[in-house]
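First chain written, first letter: the chains are A, B, C, D, E, F, G and H, and each begins at residue 1.
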Amino acid sequence: MTDISAYADLDLDRTRRRGYPEAVYCAGKTPGQVAGIAAAVREHPDVVTLFTRATAEHAEAVRAVLPDAFHDPSAALLAWPPAVPSAQGGRVVVVAAGTSDLPVAREALLTARYLGRRAELVVDVGVAGLHRVLSHLDLLRQARAVVVVAGMDGALPGVVAGLISAPVIAVPTSVGYGAAFEGLAALLTMLNACAPGVAVVNIDNGYGGGHLAAQIAAPPRPDATPHQRPPG
Amino acid sequence: MTDISAYADLDLDRTRRRGYPEAVYCAGKTPGQVAGIAAAVREHPDVVTLFTRATAEHAEAVRAVLPDAFHDPSAALLAWPPAVPSAQGGRVVVVAAGTSDLPVAREALLTARYLGRRAELVVDVGVAGLHRVLSHLDLLRQARAVVVVAGMDGALPGVVAGLISAPVIAVPTSVGYGAAFEGLAALLTMLNACAPGVAVVNIDNGYGGGHLAAQIAAPPRPDATPHQRPPG
Amino acid sequence: MTDISAYADLDLDRTRRRGYPEAVYCAGKTPGQVAGIAAAVREHPDVVTLFTRATAEHAEAVRAVLPDAFHDPSAALLAWPPAVPSAQGGRVVVVAAGTSDLPVAREALLTARYLGRRAELVVDVGVAGLHRVLSHLDLLRQARAVVVVAGMDGALPGVVAGLISAPVIAVPTSVGYGAAFEGLAALLTMLNACAPGVAVVNIDNGYGGGHLAAQIAAPPRPDATPHQRPPG
Amino acid sequence: MTDISAYADLDLDRTRRRGYPEAVYCAGKTPGQVAGIAAAVREHPDVVTLFTRATAEHAEAVRAVLPDAFHDPSAALLAWPPAVPSAQGGRVVVVAAGTSDLPVAREALLTARYLGRRAELVVDVGVAGLHRVLSHLDLLRQARAVVVVAGMDGALPGVVAGLISAPVIAVPTSVGYGAAFEGLAALLTMLNACAPGVAVVNIDNGYGGGHLAAQIAAPPRPDATPHQRPPG
Amino acid sequence: MTDISAYADLDLDRTRRRGYPEAVYCAGKTPGQVAGIAAAVREHPDVVTLFTRATAEHAEAVRAVLPDAFHDPSAALLAWPPAVPSAQGGRVVVVAAGTSDLPVAREALLTARYLGRRAELVVDVGVAGLHRVLSHLDLLRQARAVVVVAGMDGALPGVVAGLISAPVIAVPTSVGYGAAFEGLAALLTMLNACAPGVAVVNIDNGYGGGHLAAQIAAPPRPDATPHQRPPG
Amino acid sequence: MTDISAYADLDLDRTRRRGYPEAVYCAGKTPGQVAGIAAAVREHPDVVTLFTRATAEHAEAVRAVLPDAFHDPSAALLAWPPAVPSAQGGRVVVVAAGTSDLPVAREALLTARYLGRRAELVVDVGVAGLHRVLSHLDLLRQARAVVVVAGMDGALPGVVAGLISAPVIAVPTSVGYGAAFEGLAALLTMLNACAPGVAVVNIDNGYGGGHLAAQIAAPPRPDATPHQRPPG
Amino acid sequence: MTDISAYADLDLDRTRRRGYPEAVYCAGKTPGQVAGIAAAVREHPDVVTLFTRATAEHAEAVRAVLPDAFHDPSAALLAWPPAVPSAQGGRVVVVAAGTSDLPVAREALLTARYLGRRAELVVDVGVAGLHRVLSHLDLLRQARAVVVVAGMDGALPGVVAGLISAPVIAVPTSVGYGAAFEGLAALLTMLNACAPGVAVVNIDNGYGGGHLAAQIAAPPRPDATPHQRPPG
Amino acid sequence: MTDISAYADLDLDRTRRRGYPEAVYCAGKTPGQVAGIAAAVREHPDVVTLFTRATAEHAEAVRAVLPDAFHDPSAALLAWPPAVPSAQGGRVVVVAAGTSDLPVAREALLTARYLGRRAELVVDVGVAGLHRVLSHLDLLRQARAVVVVAGMDGALPGVVAGLISAPVIAVPTSVGYGAAFEGLAALLTMLNACAPGVAVVNIDNGYGGGHLAAQIAAPPRPDATPHQRPPG
């Protein structure tokens, strides 16, 4: 009944092996195609599936098949099964430079949580008012990975990276106008951050930012034998 | 003897009316043309003339005609007559984000001084170490105009503008590599600065930055009758 | 009741210290978020707050909370409290190259007035008819700062700067088509203006242009002791 | 002896039919190839041939074969036979915005002359000093076609077009730095000129500008029967 | 009653001096502003006025005031008074590479006619079928100026210029998709045309192309004394 | 002795399986690295190896190890063993728009020959003189694949594709200046060619163009059972 | 009755000579123009005509005239006469990297079929899961030409080309967001593919990709006498 | 003696607090300035200092002051004190797509080692030959962070990320030509990687890539209490 082979090739087995949720990128898919994929997903409740960049029509199509799916409209994200996994590994902190960056920041936050991390959100701390960043230093310094979401000048990730020792994943957003060029300005700023410790994902890619942060903050795998910090 | 009409049309009278030095942009001119202009300039010692973007060859050509001309090779600038005018108006502070931004910053500094302003230089205060900016806050807050020179991510002007009430003139530099795109990244960052109070000049245009700061910090003209701040 | 901490962190205290109105950038915020901020603003009638880039929906949300707010739909601007402060400092002149540049020019004009400057507007004086610019020379020469708003070729700021000694803040607009590239052509023209004394803000950023002009034309601060123009 | 068929296919017959000189674009050709072409040209003294963008090495190679060829090193141009044809048709005026634009302007000037037009050069009349343009209005208004050569902001062609009724051919140059982007800024400005009557050729293409102006100012062809301006 | 000074400064006197119609660029103006300008225009029936880039709303506003205005919706153009001037000077030929280029081509055609030229249109002669261009050679060779309108690869103007001796005004259009980049590809092609004799106006600027062609094909002005082609 | 594993991993076995020569891209490699690879190649005389983009230093390094290697300096290409394989499959024709495009065209030509195709070169047939293209139609129509190499406006591939039924591989070159943008203009033109049947490779990538043409013109593989054109 | 000469010049004779269907590019044409062309097409049932980039309105206009026309809405394609020609020549395989690339892939598939090739489609085999590509290797290696359709990173064509010896036609799509820049990222990736054997057509140009593949896989023409692979 | 305050403001204390080496970016600094900084560094042998992007002249200047400094000319890197710290934390694997990417890859490798990680290098594993990547899967899967360095199409990081569960830091390089646009193509590819788990640093920024990988693979800090993976 859920023959989707004409337009998609789900690889839930690969997902199981790699250990992270499957993600269905809804943009460019018809609601009918998304519904078909949702039906295939329903057969595999042991794997968490995220539906990203889902419009209201996409969401309706998913929930017609998976009525209990979690849905955050501002982040354009659905998840099924809806339960957030219990948290493992280090802490992820997501920082949104401005109110308009919130949708992308929430996509990062929820992705990190559905990948099994404890994740928190800090809002409206742009560099125009440094004291606002500085007031969150304690929290930032407890993070194993920090996602910084910013549009316009995109200056915040470099400033944060200079203050902490954890890696910073910078997510440029298309917030802004004119010479912001739909996020290009923020993207270039972040790629040229003076402080080391900043890596960048695609413009508005909250999913990618949250995913990477969750990978960084993952608990040690048993099969990997890390060198230990020597005593002292 | 100094017939330069085949390639230039000096307008020293306009310079006198407008009240600022004449500037000779040397790039793209032959040393011979620059020497011819220098000879014409020699007839008008009452006007300060700046030679900008002067290579060593240009400088040699100028000093062959005007041996006492001031020359700062790092800023690629000459001035004649060499004496710096006595300072008038408000203070100008020039801030260089990194050591590599120094040539452009010095061009701004010297331009502001030859336009008659008291001007000071602060060096190596990039946003990767915020405490360095913060340690100069007192000086920055005394300025009537601040010129911030930065390459790479170009984030410093927006941070400075958020800390002071004077206008910030941002000068992007071509310092950096890769996605710095010869200063484009810094330029876009500055145009998108989240803090109001930032305006931008061309990449590496220390002359333009210093000139504008000097205009901003100019003493009130007698013919202009500004509204006064009311008592209290 | 006005708990906005989930999406914004108003810093009216900083506004007080820096001496300029707080600005709320509405683009990218929901009307609900803007209404929440307006409610927070209502508690602080001693600070002028500007709402910029406000759509009709944003404006409705603001006026539901602050019914007496000033609203200029063409400039997409609201202000509260609505009274314009009494004018201090030097005069600001805003010049619009064409009729289509008016919305941005009005945003600059109103911003300068709400920052406490006397500000006037000159309309439709593009370089295709030089006599139109020249007919306003007297007014332009009385300004402490001139804002020039232009789209298409963006040539006007350079022409104006060559005629006056006050600083020119150039605001490129997205007026035009084809190789105007949404304001990029005008932006580049302005950055390359041959006359010194031009600095540029973001495309369509009337708020930024008016803000900077107001800072430049600000009355001398008591704590700053400028050098005086010597007699003669 | 002059077998050049391995690398070029001269079409002097076509040149004769179309009525304009043949042009050999030297950039990218080896001096040996240029010499071979010069030898082929020598067989056809009834056709004027221009060698454009010729380096010193190219020029030496041409003059080894055609010792009496005309050579203007600043314009990187050679012509053979060297005699300028007697002038026909309307007048061409070439305007160079700055001294650094002279090489391109001279290429335009010489091209127009070798195509058989009376052509004159006006130098250093940038828009930063409008009175300089205005002082040449009489000459500009006598032209049948005006070539305006400008780098940096490229604003001059639009200003000139607003003052005259003849067509303006705009030649952007790579003069400038930073956001001039090797002539891109001037190119865009010229494409967006507010005054109608401006068309643009490639950056630094003095040859193209002069050629087009010469075509515009060509005398009426006997085979074309233009409509006559009615009496009165 | 027609006080438009708050948003426009019509300069019909300049139009009279320069000898060409006034043009009102409607894009970016409100219908109300356009109506106001139309009312001002109504006072001056001795001057032809073109309204360019007029939407249906703009057109309705114009015709409410000037009911007999000529209107070509596909070219988005209105003219008043509606009568086409009697033709003078040389012939203008407008060539449209494809059917989709017709709106821009018609704007050029009508502009040339309202400037007083005999103008004809040739349609759908792209370079993919050379015989189609070649079949119009006779007409093309009778033109004093040719306007070539093309999108996509923009190759046609260079091909036409290689076939005729009259100047070619190339008008790139935004026809195409993907790497056509809204006309940028065609624009660059035209700027790099291998055949001399091509100059370019802005993307989709049929008005500019037709205007320039009309200037080129203008009858000799009595005050200009061209050199005559010698007998023989 | 030829341990190159620290910097390269030659895969001659894969080359054998795929049936085409191995290619060593020399740019960015030190002459020492290239020499090391040449020594490894020497062990495998049954596989043709091409060294592309080889400077004089690279060529010297190769020939120190493989003294009999074929070397075409203008194409910056070496081949070893030097013998050209006997020709199989269909004919390849390489067309160079101008003399300056010859180095890239020769790289394509030689690559096609070393891949086992009969390949011929046609030179200097730009669209500015259509009769030159048309005079080669017979040869072009005999080709199984045509490589068209062109810089500047890049218009030739679209014209050729409209004349023949074989596929056209377009190779843009960096020949040109100004708005040619190092080959970008030609690249965009080719991507937007109006005639179907044009595909594009990287700027200056003669190797890629020749390789693809050779693949297209390859003889039928025995394991592939093509459908046959029915009789009649 | 079908006089379309005012806006189009169908060249069905050329189509017959070249041996491929005529294609009508509907974008930018009015439904009325498309209907007129359809009526002209109806007179020539011996030629297959494709209508590409047809909106629902275009399709309705075509089917009003040609009721039995084939229509694939997802590919925005119509064909008339509707019968697919019997397959000749080699096999074409079309590969779509993701579900969202399907519309473009189907346009390629149908074009190849209407040009007379056997063509098959493989879906959702992006490089993020290599085993999916590898599972189709047998089919890919039977193809005479492979069309690879991919958006986002556009990495798939290079991977496929490394696995097979047939030519790969890469079709970048505008699928993606942010720094995908409407297909520019995928386009650049494909132009820089490390494996030789990849050529690229315009973004979203499924028609061009399918057309080229069909040309490559065409049966040998009787007039061309290819060299035969020698026995062994 | 080592007064460098005129051009630099070393912050070794901050380095100590953050726990990573200080880095001196040499590009744009004079050898004299670098020597001055080296002298200041000499006072602080407890902090590792890296000198990046050091030309031969820079290296000579450093070693005149710090004769025992480690120097890798291909990576343009120096380190002092020269001893590599003992390895802690997880393993870092650096992958270079091609031989030409080696200098950047070595910069990443050495940076990771000087930050205290065990780091290994894999060379020449581009996607054109997938089996080469696949042959290193075991090593890649043992890494806590993988740095993938690639120019041209930049496709490798996305392929690697699809095969492992550790985060991938992608470093685009300027290797390539034409439409590689100095690394822009690779940068865009990486930002659009279809597989999640890829973040990008600046073009040629091996230092940044190695630094970030070292941060990711850092041993758990005692003050951070990560959630533990539950048993089973």
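The rule we apply is simple: a contact is a pair of C-beta atoms (placed from the backbone, for glycine too) under 8 Å apart; a residue touches a chain by one contact, two chains touch by 3 or more.
Chain labels with UniProt names: A, B, C, D, E, F, G, H = Nickel pincer cofactor biosynthesis protein LarB.
Predicted, not measured: the structure shown is a model, and the values here were computed from it.
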Touching both subunit E and subunit G (chains): F
Chain whose mean Cα position lies farthest from subunit H: E
Euclidean distance of C-alpha centroids - subunit C vs subunit H, Å: 44
Whole-Å separation of chain centres (CA-atom averages), subunit F against subunit G: 25
Subunit B-subunit D separation of Cα centroids, rounded to whole Å: 36
Touching two or more other chains - residue numbers and ranges from subunit A: 98, 129, 178-180, 184, 187, 191-192, 202-203
Touching pairs among all chains present in the structure: A-B, A-C, A-G, A-H, B-C, B-D, B-H, C-D, C-E, D-E, D-F, E-F, E-G, F-G, F-H, G-H
Subunit A residues touching subunit H - in the complex, by the definition given at the top: 18-20, 23, 86-91, 118, 142, 144-145, 164-167, 169, 187, 191-192, 196-203, 207-208, 211-212, 215-221, 223-224, 226-230
Complex interface listing, subunit A residues touching subunit B: 97-98, 126-130, 152-155, 158-159, 161-163, 176, 178-181, 184-186, 188-195
Residues of subunit H that touch subunit F when the two form their complex: 98-102, 123-125, 129, 131-132, 151, 175, 177-180
Of subunit C, residues touching subunit A in the complex: 5-9, 11, 14, 25, 27-29, 33, 53, 172, 174, 182-184, 187, 202-205
